[in-house]
Each structure stands twice: as structure tokens, then as C-alpha cells.
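Just dropping this structure here.
As written, the chain order gives the labels A, B, C, D, E and F, with residue 1 at the start of each chain.
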Amino acid sequence: MNAPILVINPNSSSQVTADMDRALDPLRGPGDPAIECLTLAEGPPGIETQRQVDEVVAPLCRLVEGRKDKAAAFVIACFSDPGLHALREVTARPVLGIAESGLLTALTLGQSVGIVSILAGSIPRHRRMIRALGIDSRLAGDRPLGLGVAELAAEAVTLERMIEVGGRLREADGADVLVLGCAGMARYRARLEQALSLPVVDPTQAAVGMAITAVRLGYGGGPHASTGSA
Amino acid sequence: MNAPILVINPNSSSQVTADMDRALDPLRGPGDPAIECLTLAEGPPGIETQRQVDEVVAPLCRLVEGRKDKAAAFVIACFSDPGLHALREVTARPVLGIAESGLLTALTLGQSVGIVSILAGSIPRHRRMIRALGIDSRLAGDRPLGLGVAELAAEAVTLERMIEVGGRLREADGADVLVLGCAGMARYRARLEQALSLPVVDPTQAAVGMAITAVRLGYGGGPHASTGSA
Amino acid sequence: MNAPILVINPNSSSQVTADMDRALDPLRGPGDPAIECLTLAEGPPGIETQRQVDEVVAPLCRLVEGRKDKAAAFVIACFSDPGLHALREVTARPVLGIAESGLLTALTLGQSVGIVSILAGSIPRHRRMIRALGIDSRLAGDRPLGLGVAELAAEAVTLERMIEVGGRLREADGADVLVLGCAGMARYRARLEQALSLPVVDPTQAAVGMAITAVRLGYGGGPHASTGSA
Amino acid sequence: MNAPILVINPNSSSQVTADMDRALDPLRGPGDPAIECLTLAEGPPGIETQRQVDEVVAPLCRLVEGRKDKAAAFVIACFSDPGLHALREVTARPVLGIAESGLLTALTLGQSVGIVSILAGSIPRHRRMIRALGIDSRLAGDRPLGLGVAELAAEAVTLERMIEVGGRLREADGADVLVLGCAGMARYRARLEQALSLPVVDPTQAAVGMAITAVRLGYGGGPHASTGSA
Amino acid sequence: MNAPILVINPNSSSQVTADMDRALDPLRGPGDPAIECLTLAEGPPGIETQRQVDEVVAPLCRLVEGRKDKAAAFVIACFSDPGLHALREVTARPVLGIAESGLLTALTLGQSVGIVSILAGSIPRHRRMIRALGIDSRLAGDRPLGLGVAELAAEAVTLERMIEVGGRLREADGADVLVLGCAGMARYRARLEQALSLPVVDPTQAAVGMAITAVRLGYGGGPHASTGSA
Amino acid sequence: MNAPILVINPNSSSQVTADMDRALDPLRGPGDPAIECLTLAEGPPGIETQRQVDEVVAPLCRLVEGRKDKAAAFVIACFSDPGLHALREVTARPVLGIAESGLLTALTLGQSVGIVSILAGSIPRHRRMIRALGIDSRLAGDRPLGLGVAELAAEAVTLERMIEVGGRLREADGADVLVLGCAGMARYRARLEQALSLPVVDPTQAAVGMAITAVRLGYGGGPHASTGSA
């Protein structure tokens, strides 16, 4: 099991890739597949529209196709899960999307999930995705930070706004678990949990955790050792 | 992080415990917490009724309470998830149920989930659980093997019947992923996948995979390292 | 049909038992089975956690088993319906839970149900139960009084807070019928109805009403007279 | 509380009225309001279309309006619940529909409800009603007897067909409780229960049971005695 | 195909009929069936209760029956869709309801639908209808203008209130498309769209658009030309 | 309003384009916008996988962007609605997808929708789409023809198989309206309706009908004449 898990950031921001890479350290153990993060060269600087979601699928498919014998699993690190179902056709290796993984993980940590999104414009897109997942009765709310790029660069401002938005998800919407609706925000996770006394899921971490398990258990059609004796 | 993950078989059949223990070998890596399987002494020989589900909760709580500083996480290895939400109150460590974990994992492997159950009498109980989980729009069907204890002991008969039931879940109900509705059936997983060309989830494996991730990422309120720098 | 309907308060507060007993007087007619309220000796002073819900099931089962030939029906008088499905296995006599009965009754009195709960911590538990019942599209909201034990003892304070919470369920959440999310609050029912001009369901009353009907009609497998001629 | 409960058969078949009247005997106790069954003179011989459902509402409203001070509650005895919500505007007395009451009662007796209907043409109408009730996740199936009037008159033929249809609801659809999708079939209830080992709800009985409780507890806005002291 | 589309205003206000008639001009093309609006003489001045909804069905059926060979399609122009399913039995011509058509059209213009209703008392009725339609997961909210008849006559006051209510549907409820919950308000549509930057559906326009298509495509059982060659 | 409605066939089969073009003749009236059908040059011969669905979005966006001032509306003529939400960002003109339009139209013609699909492999993709639409409680079933390309060319064989599959949707699944799950099958519509006595929706026709209405009513943000006076 020497092939790595490839975590693909479909936007072209290598800063986001670096941030998520650091956040995955707790999942790097001596017996685990390597976790390799890479940036989709063809991606836009950020994925903010459905068109951008859809248009990265073709380069994602090419990338995965080119690596399919050299990776143990693939993680798509954008909260709109671009190409998730297409990539599952391209390769028999496990493919995890961070929204799907993050939301399903949250279902094990609370009854009503709140999503901390960056942009108001993403919320209708999330709604479609959550209905398609069939879990909309578990959604408490989805609220945007509404910060511009400049403000997002300022860590203290961002954290303060996350606490405010998370607090409204908890108080007004009844959320008892939060999911960060974006890759690359894991650095705030511990502080947000502490401030709000709620579990917070970083979706990229959740997806990579699921990918490790999937590799070990042979999900996705590859040869697997489902029992000690097999 | 030297404390083990405790996998508790709430019935008193040590054969089932031994079977699941063997099936967890793919999840035992050098950097992982140990996985320790144990049998609930107070449990009935098998859990077949709602009363049995409910009555093992008290001894499960005592067991978990007694071990809560000496375990990294807990897995309840019965497809009715007895005491899942009670145990989450008893300890801040992650607690996973095999039904919840197995079903959520299946959602990442197909669109419509089929459950291979042992007894017809469990199906109404599963229905309540699946509605409580909020994922009933993803259920294709739940069909029982309908085998007696004697027949379950005969591996060839059981496998043949699993293939028959799984085939009906696929053909008549439209399932594109199966979940074994019972602990201790992992030995059939690979053969069933091969016979039906469908992914098959062993719920105990799925839950222990989720538990390992939860320990590494610090879900459940314990101290955690959510980023490389924290 | 001289056997009584047993209404079991699963907490050990005999004050709560006495309160509900008084509230059942309108259901005591000359031709009805007697209604006998009793306190579960093994119960905790109040049921506030899932663990307490689950741990009263074993003594409830023993109690019902011991009385099953001497009762016409059983009512479990705690809004978490502890052991409801287990008890239905223990006896062929009708078993009603006050949450199930209270919520279903409310569906005949309005389109959108508001629940007046005591504690915020119960709400996620209620959510699971309501999803399991399959009626979550009829829930308007569930809001807690958030009063401590001392305050609950003060009737005027409690009523004032109930009117405030009920008013928010009506105004902010759109409830057109309310259910008291607790046994033993029937004394406030008429005043709350009057203050809010909404129907208010006391769940213990609702469940006992359903139990009387179930006894008369022979639900639950006992011998019954389904037509005048049979 | 000397006013009777009026059970209105909205079709003009006095035979159906007589049949339901007999089936209500178990609900006639010394302390209960009288139960008076009457036939809507303006009704069609049978209610088989949505138009017939809608067109009986006007005469039903006039009838209820004329009796509203002389009845304790009203039951509409047609499985399409004609005028249910209109009548609730006309009178503050409780108004129960047999479909709503029968289906909600069934939710307390099983997890998955099967409906034994008379005509295939009624099933789309039932679907709308069940979705409007918000309980469609609890419906196992709805199957018609498909018998003509002549055959329905032959009791043995009808019973045999009911057992066959009920058996398919149980086997193919997974129903664990049945509701008779029609007024006036209560005479078959006990035999169908016995043949299928499933609880069977006669909806008129269920609705009258709910009406008695509603009268005693003062639902619907009338003066009521919600506690012993009030 | 010279028969007109009949748009029936089930209330007796000819002013409302005249308003909707004017709003349908964009749908009157040289190749289209004529659109004829008429007032139901037997209707109440306004339809505000379920009883009124139900009681106009009989005269609607008579009207449609009398015209069924002389109309290409029928539109029922009241947001409670009175008699929609009954009329579909009366005639094989297409019958459209403005609520059904308006809401389904809105699903093509946004993810979450907000309804601008006139009266608070209509909202529970709308809830039942939306659940019966099976689209309640797409409803963002339903808020009333709460204006009396006198105020509704004042156009500036009404528009101001519509903008306020629509703004709350957008901000508090997350609506990204609005439906006017009433016939005869089309005159405000363009101004409301402009003020809120949201698409706004006038349901009568939407239903007549659907009716024209239905006539051209031969829905509803009439003879049709489904392909160019047929 | 001289700009045409562009109907884009996202696969490169000009035969399919020609077939749908012919089927749109009933929607070509003297006052209507022209309907222009075109084939996406970059499309695959047929769209059978999620990857193909996703990969046509980029060329679709370019095509629509290039024509956005020269078209009154756009229809995407593939039953997977590729790029539907992306295209709605690209242009303010109405964009309709044939699956969305066909399914919503079917909701006005029956209670339970059956889909006649070509390939079994498309059904999980349809399931996601239908859940995302939020109308899964209205789906009766989705069954494939399971015919190879050669067989699809033989009209008699295809029709026979459609009648067989449609018959099972009606009998076994309870469908009372059918949707053709593919573009370019309109030629079978009338014969299928006649054979099964059920309304059948050709989704391309339905979508173009909706597009004509959308153009006339000014949906999608363009300048519009919502009332006769504006």
C-alpha cells in the first residue's frame, strides 16, 4: 500500500493547498498511505460559482486518470464536491468529496448541522447538494461569513466573524455541530470549538480520514483484505 | 495516544467477538491506537428484540464509564446501535455505532442502500433507526436472510442465501451498495462483493475506521491537534 | 374488562405522579377502565438525559411484565417515551407513549406543532424521536422554558414563561397547536390556551385517551369485540 | 355533556350507516356521550371521485352548522375525509376525519402502514392526502380490492380478497399494521387480524374513539376541564 | 384549435378578474388560443377560508361541464386551487391551478421559494397544499401582508408592504424566488422584482402559460400532434 | 422579441437533434419566438455517464455565452440537465433543462411519476437529480429499456419495449403519468399514451413550452411586460 492518497485542491491557490496540507498532519501515521496535496493548475483562483464547479471537472478527470494507478485514493478538496460522481466512474479507487464526508461525519457528532460558509452566493448550491445527499432533515442552517478576500486574510477578523456566525447557527438555528463550508479553514477549528462549545468538523480532515479507512478496507473495487484470513 | 479503541460486542457470544476482531486487522497499523474487542458479559446471547437493545444500555454505560480514561474511543458493535446517544453523554471520547457508521459509509459508495439483515423481526426496528438518522430517502430496501441459528453456522448455506438476498436488493429494490445488517459477518464481505459486483460495507469495520479518524482528529471534546501547528 | 389502565411515571417524583393523576379526572367515566397512576421506584428524580431514558427501560419492562395480566393497557408518562417499543414486545396489551400520543393528537388540531419543552438539552433527543416518528414536516418548533427546579415550583413564573415561549412558537415558528413537552404540566393547559388562543395538548391526557380507546377496541392483540355482533 | 357525537356518513347508503353504527358499540359506555350515526341525504350512493368528495362539503357544512349547538363532536365517515378542514372552521367542536384518525392510530400500532382500499381509482387521492398529512414515510403500500358492488355484497368473497390484499401488503410491501380504507368494513376487522396476525384499524372506530377523548378533554375550543381542579 | 382557454376567477370580484385579464396580455399571441377570463357568479367576494375553497367546487364543476366542448383548457385562478383534482375528472381538457403552476414554475427560477400571501389565516391551508404537492423541502417561507381590504386598495401602501414582506422572505428565510400568493396582484410583479432583485412569479400568468403549452401539446387526453409527422 | 429559443442537444448526434426538432412543431406559432435546434459539436455521441454530463458544461457555457444576446431563451436537451445551474449564471435569459421541466410538468398530470429511461446506468444519476429537485415523494419508479444502440434503431422493437416498461411502471410502481427519460423519443409519445391510457410527457417539448412562457413573461431578469399597462 505504497501509493499515496491524493488530495486535490481544485482551485489554483497554492496557499489554500498549503493550509490544508498542514491540517492533515494528525492523519499521517507510520502505517498510513502518504497524503499528497496538490493544486489543480487549471483551476480558478477560487471556486465561487456553479460554472466554476462544473468546469474544473474535465481537468480533474484528466488528472485522476493520469494518476489512477499511482494513487490509493482521491480527495476533492472543495466544499461543492466538483466532479465527485464523475471521478467515481473514472477510477475504481475510492474518491471522497469534502462536503459529503464533512456533512456525514457531522451526523455522528450532533443532531442538527450548521454550515459556516464563506459566501452567501454558495448557499443555494449547498442546498441542492444537501437535498441530493438526502440529509436535509438534519440541516439546521447555512450562514455565510460574508467577508471579502482582504478581510479573510486577516486572521483575527475572520475568527471573530466565524464565532459570530457559528453562534447564530447554534442559537437561532439550533445547530449542535458545525461544519466549515470551505477547504483551508482548519486552522480556526480548535478555537471555534472552544469559543462555542460545539464540535466543529473540518471537511478536508474528515474526507482524508474516510479515504484512509477506504484504502485499508478496500472500498471502491480494488483488491482488499476484508478479513484477516482473506 | 496509547489508549485503545474499545469495540464492545453487546451480546455475550464470544464467537461473534472473535469474528469481528479478525475482521479488524486491516485497520491495525503501526501508528494506530490498538483495537481491543470485548464481549459484554451481561449481554444476551444475541440481540433480537428492542427490549434486548434497551436493556444492554445500562451495563454498556457502566462498562464505558469504568474505562473512559483508558480508551481512546468506543464502538458499539450491534446493528441496532444500543445506547449510542446515552454513551455519548457518558464520555467525551468518540462513540460510534456500527449501524450509523455503516449506513453513512454506504452513502459514499452508492445512491441507494440495501441492508442484508438476519431476522425479519429486526426490520421495523431498523426503519425507526433509519428515519431517526434522517436518511430514509437513500434506503433501497432491507431484506432478511431468515436463517435459523443452525443454518447460520453453515457457511456455504449462509453465503448462498446472502447472495440471493443481496441479488434481490439489487434487482428488485435498486440497491447499488449493500450493508451487512449485523456484526460478525465480515467474513462474507469479499465473496458477496464479487458475486454481486456491488460494494459491500461491513459495519463494524466502517465504525472502527471512523473511530480511528475521530481519535486522530480529536472529535468528541478531548484535547486535539486540529492543525500541524496547534 | 375490569383491569385498570396503568399510567407509569418513570421518574421517582411522586409529586409529578399526583399532578398527572389529577389531570386525568376528565377521562374517568363510569364505564371506563380505572386509571391508576404509579411512580417507578427505580426511576431517577427527573429524566433529563438519554442515559436516564434508556436506563429506566429495564425496570419498566419488569414492572409491566409483573402486571401484564392485571392491566388493560399501559401509558408511559415521560415525553421521551422510554421503552415504548420494548414494552410493546413485553405485552400484547396496548402501550402508549405520551410523546407519540401527544404529537399525533396535535396533528388533528393544527397544521404546525410547537413543543413547549422544559430543558434545552432535551431538544436534540426530541428531534431524533420526531424524525423516527416520520412527522418532522409537521414540526413548527421546539423551544425550552429554561427554568431551574426552583423556578418551576413557582407557578406564576412558570406560567408566564410558558406563555412567552408559546407565543414565540406561534409568532416566530408558525405553530398553530402546542404540545406540552413534559408530563405533569396539565395544570397550565387551560390558561395557556386562553392566553394564546391556540389548542394545547397535554400529552398524558392524550395518551390515556388513546389507551381507553385501544382497550375498548381491542388493539394490541387481546380478545376484542370489533363489531356489535362479534 | 349530554350532546351526542354525530357520525356522518357522507354517502347516502343507509346500509353503510347501519354497519358502522353497529361497529361503534364497543365505544358506547355509560359515561360517554351518545354516538349517533346519520346518513347525508344529499350524498351520492358512494363516494368514488374527487368531485364527489368536494361536492359533499357544502351539505356537510350546512348539516354541521345546523347541529353545532346540539353535538359534542363530529366524525366524517368517509376515507377521503371530505370537508375535514372546512368543518373545523364551521364549528369549535372537535371534528375528526376517519382517514386522518385511522392512519394516526395505525402509527401507534406498527412502523409501516398498509391500506386496504376498495377501488384503484382512490389511490392517487389517498396519496395526496397522506402527503398532506406529512406521514408518507410511514406508508408501506395502498392496494385495492378491485371488487365490484355485486362482489362486495358477498361477504365470503370480500373477506377472501381482503386477506389476499392484506397479505400482499404484509409480504411485498412490509406493512406491519393495516388500515381499512373505507367506512363500513369493520365487520371484517377481527377475521382479517386473525388471518394475517397483524393489527387492523377500522378508521370509523378510531375516529369515534378520538372524538370521545376530544370531548372529554375539551379540544376544539369548548369549555373544558383540563385538570381536576379547574 | 379555436376554443379559448378559460381562466375562471372563483370569487365574484370582477375587479380581480379584470386585473388578471390585463396581466395575461403578454400571453396573447396571434397563434395562441384566445384567453377568456370570467368571474364565477356563485363565488364569494373573496376566498379566505377552506369552506369557501370547498364550496366553490360544485359551481366550478358545473361551469366547466357546461363549457367542456367549448374550451381548450381551464385555469382556476385562486391560490388555493379549489377543485383542481375534481375538475380534472370532469374534463379531459387540461386543467391548471394557479398555486400548483406558480409554485412549480418558481422551482425553475430559484432554490428556495418564498410566498407573499395576503392573509395569515391562509398559511396553514397553503402548508397542506404544499405538502400534498410534495415540494415542502423547497419552501423557504410563507408570510402574510396582513392588510385589510381598505389598505389593499391603496396601491402605494400595498407595494411598500409587499417589498417589506418579500425582503423578510429573502433575508430571514433565504428565499431566492418569490410567488405572489393570490390572483390579481400581477401589477406589482415588475416593481417587486426590481426592488428586491429576485424573480417574482405571478401565479395566474404561470398557469396560463402552462395551459397554452398543454393545449399545444395535447396534454389531458385530447387528440394531439406529438410529432411533426403524426 | 425576434431572438430565437435555442434548443441545444449536448450530444453530437444530429439525428437526435433532427428528431427533437420535428417534435417541436406544435410549439411553433406565428407569434412565438423561433425555435432553433442545434447540436453541440464538442459533445460525445451519447451522454451516458456523469463524466460526460459534467464535461459538456464547459462547451455549453461557451456556446451560450457566445449567443446570449442573440437568443431569447436556452433549453438543454439531455435528461441529465447538464450545466443547468451553471448556464443560469452565464446568462440572464431563461435556461430550462428537459429533466426539470419534464418532471415538473408531469406533476400537473398525475400523482406518481414513472420514468422510462434508456439505460440502467442512468438511474442512480436520476435519483440524485430528483432528490436535488426535492420531489422524490412524487416518484413512482424509474425503469430502463435496456436496449442496445442497434435495437433502439428498430422502431417497432423500441415501442414494444417502451410499452412493456411503461406497463410495469403503471402496474408494479403505481405511476399515473410517465416521462420519457431521454431527448429524441417524442415520436413514441402518442402511441405510448394510447397503449397505456396514461399521459406521457416528452421532456423536450415540456421544456420548450416552459421556455416560450418564460420569454413572454420576462422571467430571468430581462425586460418584461408583466402587465398590460407596464
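Convention: contacts are C-beta pairs under 8 Å (C-beta built on N, C-alpha and C of every residue); 3 or more make two chains touch, one makes a residue touch a chain.
For clarity, every value in this text was computed on a predicted model and none was experimentally measured.
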{"item": "Self-contact between copies subunit A and subunit F, residue sets same or different by half", "value": "same"}
{"item": "Centre distance in Å when subunit B and subunit C are each reduced to the mean of their C-alpha atoms", "value": "33"}
{"item": "For subunit C paired with subunit E, centre-to-centre distance based on mean C-alpha positions, whole Å", "value": "42"}
{"item": "Distance from the mean Cα position of subunit D to that of subunit C, given in whole angstrom", "value": "25"}
{"item": "Touching two or more other chains - residues of subunit B", "value": "128, 131, 133-134, 137"}
{"item": "Which pairs of chains touch, using the document's own definition", "value": "A-B, A-C, A-E, A-F, B-C, B-D, B-F, C-D, C-E, D-E, D-F, E-F"}
{"item": "Subunit E-facing residues of subunit D, complex", "value": "49-51, 53-55, 57-58, 61, 83, 85-90, 125, 128-129, 131-134"}
{"item": "Subunit D residues within the subunit C interface of the complex", "value": "22-27, 29-32, 96, 100-101, 104-105, 107-109, 133-135, 137-138, 186-187, 189-190, 199, 201-202, 205-206, 209-210, 212-214, 216-221, 224-230"}
{"item": "Subunit A to subunit E touching residues, read off their complex", "value": "123-124, 127-128, 131, 136"}
{"item": "List of subunit A residues in touch with subunit C within their complex", "value": "110-112, 137, 174, 176"}
